[in-house]
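Below you'll find the structures, each written out as structure tokens.
Two complexes, one shared chain (chain A), two partners (chain B, chain C).
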Partner chain A sequence: MLGEICQFFAIDSSNFPSNDHIIIGNRSCQSDFLVHFFLNLCEKQNRPVVFLGLSQSFGHYNSVGQKLGNNLGSARDERKSLVFLESLFDFSESIASSSTFRSTTAPNPFVELLKGDSTTLLKSINASLETLAQIQTGILSAPVVIIDDLSVLLSAGVAPECLLLFVNSLHELVTSPRIKGSLIISLHLDKEDEKAEELWAYLTHLSTVKVQVTDLASGYCRDVHGEMHAEWRDSHDKPRKSITRHTQFKLSDKNISLFAPGMSAAVL
Partner chain B sequence: MSSLSTTSFRKKARVKIGQILGTKPSLYNNQLLISTGIPSLDHVIGGGLAVGTVLLVEEDTYGSYAKLMLKYYVAEAVMTKQSVFLCSADGSVRQLVKELPAAVDEVYSQAATKMTSSPVPSVGHPPTSKQVTGDPSSTATSTDEKMKIAWRYQNSPKVQVVPSAGTQFGHYYDLTKTMNADIVDRSDITYGSPVEVGQMSMNPHYCQLLQEIKNKIEAGCFGTGQEVDKRSVLRIGIHSLGSPLWGENGGACSKGENLDPSLPLFLLALRGVLRTAFATAMITMPTHLFSERVFIHRVQRLADTVIRLDSFAGSDKEKNAVFKEYHGLLHLLQLPRLNSLVPAQPETSDLAFKLRRKKFTIELLFVCVCNSSGSGCASNTTADLSF
Partner chain C sequence: MLQDLLTGVEKTSLILVTDNALCPGRHLLLNWIDHLGTRCDKLILVCFERHPDFFKNWLPLDVQKKMTLIDGRKTADIGRTNVDLMADVTSEVSRTGGSVGVVIDSVSMLLLVKSTPITCSFLHNIAAGSQVTQVVALLHRDVHDQNTCRLLEHVAPTVVEMASTGGAQYTCCIRHCRPTGKVLKSREYFYTDDSFHIYNFGSATSQDGSSQHKPQDDLTSKLPFNLSLTDAEKDARSKVKLPYLKDGSGDSEASSGRIFYQPDDVDDFDEEDPDDDLDI
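Now for the complex of A and B:
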């Protein structure tokens, strides 16, 4: 699985690109595999990861990771190379506590975010990056920050302007010369959702790699699950021709196979 | 590598999952499943409803079939002795519980107990256990009289023997009969009550409901962190969430043109709560009342399984001879991806539902093009094939 997608992204599997900003736009239901792929890749290369899991719990990522051959549990608890922010539970907790007027002593980042202030969340990510940097002294590997599903915040009523500011500050923070990390953001897109499309348009300006996963235009098929478009943007510090690639994929429980459009095993 | 003496190989310990009543592990991804009460629906959504997930049923225009599905869901809980938390804004859930369909084997055993002169005393011994297990000793009472012929079958139990209560997954129900009130009374059913509270950022009804669900999970020890000797599963049924009675304004904010985020927030919070609990939720929602399609999409993404009932009642399709076999279409909009990369892959997404006299089934949509001169549709033999 790793090899094929690495080939598609033209990534050397031993050298994860640093200072990259990858955005993944999901126009279908089944495109979580890219998040799992990057998580897997970071683990394989011993890259420290800060993961903001907004749509699923750690248990989910861990059990999928085990099927793909990496143990996130040990990465989090023993090797300490993964900081998983259980944002789903934090969020849920904050919503429930706000309903009972329980005043929490520490400001909850998500309550703050709903009010339009993203500094608390940024601070917590920054703090996790620093703990990673302390543990990883000696190893020169830049951290990766992954956000799985930014659109959850959008659905939860965070103002798009606030999210723009948040992503912008996060981008500044992660790609700063001090950290030189990479940022991976996934979000759900919907043609009718103007707010998400605006956010996406802004993110494409900020990003270096833009990936879009869509369903087949011809409808549901058991053998071809969707298409993936990737586009590399020209950037100043890493001049590269703007390339686009296009592939179709089929997911199975433990593997993902990529093939050129129309070249599925079921067709040939 | 921590130490060389210990090997990382370990025999896979068999998880004692089967001991929870009415559950089974998934064939695809080893998840704990419970039945929705409609075996054909279980089959379609990948074997059953995974514990910790939310099933969103988008209601048909009149909401009658969605309500029927909720009845099945609750009836299955009663049969497997699971706890239920029910809530509705219009207070119709108490009536719903009175109208639960009777399980087929329950109907049988009621007849059997009538036949015997001495009915089994039911104090402290819920009849459900007997019916679920199909215990041969209890059915043997009705076979006391000597058989004249075929005596070799005399000792064989009348009811089809089911190995144990834990493996019984999904029951068949008879819609013409209602479930015995004693059995229903004995099961643990809690009713939620949406009440008016003060002004908050989120819709107060949803806050209240969320708090009640959390309290129920804590009180009933359904959390994954809580240790109990006998594990059970909580079923949460919410009827017509998001209807105007809940104070929902078709997804729009009362003030501006922005969308009201209360309902997505509630679903997000519910997901967070359910992921750490032995609980599932079935929510029926009148999505046809929502004005913004974007809002519907957002709500769908925050639920796990989403199906939409598209009833023919009142539509052109009702009179179309092509669909005369069915009562509506079932759209599988989303299947859960909990703990796995891929959702269950159904054979096809062309599904329809049918309400017979005794049961509600989901079938593959099979359109018979050659219109055999039908009994009901008399007028035009050249049926308009409008797809």
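Now for the complex of A and C:
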């Protein structure tokens, strides 16, 4: 799976992403594979990763990782190259605590976020980055921050302005010349959700690589599951000619097959 | 007109470059900074989306020396510090004696976080400063609704709307309101080279015309007979003198023409003037 997608992106699998801001727009229900791809790619490179899991728990990512031949558990607990923020639980706790009882322990960043202040969440990500920087395990020491997925916060009631400021600050923090890290943000998009579309449109301008996964326009097909568009935009430090790539894919249990539009083996 | 605006032949206080994700305007903005930098004594660049190095690395050294960079991304909460940002820019303007150019990449963040009227007045106030030669701001059309974009376009006397791109060629629509009040509209194209410098400006209307006629040309080429004319044939056709066409040379002959009438033998020719009873 990793090889095929790397080939499609036409990238060197040993040093990608390098100081990039990648956004993944999911307009299809079968498009989570890209988040797993990036997480496992970074893990293969033995790179420090901060993962903000908002849509699934660690167990889910770990079991997918095992299918792809990676042990995320040992990366988190033994090698300490992965910091997994169980944001799904923190977030649900923050909703419960804000309505029924107040937690007296460490401040929950999501309570602040719901109030419109993203500073605490930023600080916790920054603290994770600093912890990783002390270890310096990988060949590539530039860290990667992955958020899966941002639209959960939006649909749970965080103000879009607050999210924009959060992403903007995170972008500044991670991709700064000091850290030279990469930021990967995934979003679920729905045409009817105007706020998500607005956020996506702004992120497109902010990003350096945009990947969008959609269902087939012609409807459901057993042998072609969807389409993937990738676009390279201006990088962080210099202008770049826009390059677009387009492919169709079919997902299987552990793998993905990519083919040029209309070139599926089932069609030919 | 784009070239005149870029080089400063056409004077304007505020330029709004509007773009969308398919046709980004950041490369045009880079060129604008370059040209504005050579005209002004000082250049203030406010960045919200890219690191200041993005602009700095691309620009020539003499422009780099004139630049003051304000990193809008540094302020973790732009929402609160909009007033400070405004104060930053105005204090930078007042600090210099000569002319100042201000470039903002982009105002979309401000629009999203603060209200539209505040952003409009922010732009207007900077552009109204006596020392400010020109303010250039980038706006992402696809991020905001139509009303917001229109409101901002009303504030700016000049709007460059990036329309389409195909590789290195860009097409843009320009609406320019001169200080005298005359409004000029045009559709123009330009090319960028490998290092993103703009060259080869031109009016896009003729190009669009030729591209619209292309399908017709394809149709006529498949016909068994010839419908189109070559340039030589067109030239020959234009030289043909049409028989009833009144041109300068034919007039004298017409005035000298007479009617000779020879009556038949049996013709009952009336000697009297038929119009005798008329008072003429």
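Definition applied: the second predicted complex is superposed on the first by the 256 of 268 C-alpha atoms of A that agree within 3 Å, B and C clash if a C-alpha of one lies under 4 Å from a C-alpha of the other, contacts with A are read in each partner's own complex, and residues count from 1 in each chain.
Convention: contacts are C-beta pairs under 8 Å (C-beta built on N, C-alpha and C of every residue); 3 or more make two chains touch, one makes a residue touch a chain.
All values reported here derive from a predicted model rather than from experimental measurement.
Superposition of the two structures on chain A shows chain C fitting alongside chain B with no clash.
Applying the stated contact rule after C-alpha superposition, one finds that A:119 touches chain C and leaves chain B untouched. Touch criterion met: A:242 reaches chain C, while chain B stays clear of it. When the two structures are aligned on the shared chain, A:233 is found in touch with chain C, with no touch to chain B. Judged by the touch definition given at the top, the superposed model places A:205 against chain C, while chain B stays out of reach. Angle at chain A between chain B and chain C, computed from CA centres in the superposed arrangement: 120 degrees, to the nearest 10. Looking at the shared chain after the overlay, A:46 reaches neither chain B nor chain C. In the superposed model, B is the one of chain B and chain C that contacts more residues of chain A.
By the touch criterion defined above, A:252 lies against chain B but remains apart from chain C after alignment on the C-alpha atoms of chain A. In the superposition on chain A, A:7 contacts neither chain B nor chain C.
Our summary of the superposed model lists a minimum C-alpha distance of 16 Å between chain B and chain C.
Once the two complexes are overlaid on chain A, none of the chain A residues touched by chain B in the first is touched by chain C in the second. For chain A in complex with chain C, the residues that touch the partner chain are 118-119, 122, 160-161, 164-165, 168-169, 171-172, 175-177, 198, 201-202, 204-206, 210, 233-234, 236-239, 242. Residues 28-29, 200-202, 207-208, 210-211, 214, 259, 261-262, 264-266, 268-273, 275-276, 293-294, 297-298, 301-302, 334-335, 337-343, 345, 347, 349 of chain B are the ones touching chain A in the complex.
Against chain B, in their complex, chain A makes its touches with residues 29-30, 32-33, 36, 56-57, 59-60, 63-64, 67-68, 88-89, 91-93, 95-96, 98-100, 114, 151-152, 154-157, 188, 190, 192-195, 220, 222, 225, 251-254, 256. The part of chain C that touches chain A in the complex is made up of residues 21, 24, 26-27, 30, 48-51, 53-54, 57-58, 71, 73-74, 76-79, 106, 108-109, 112-113, 140, 142-144, 196.
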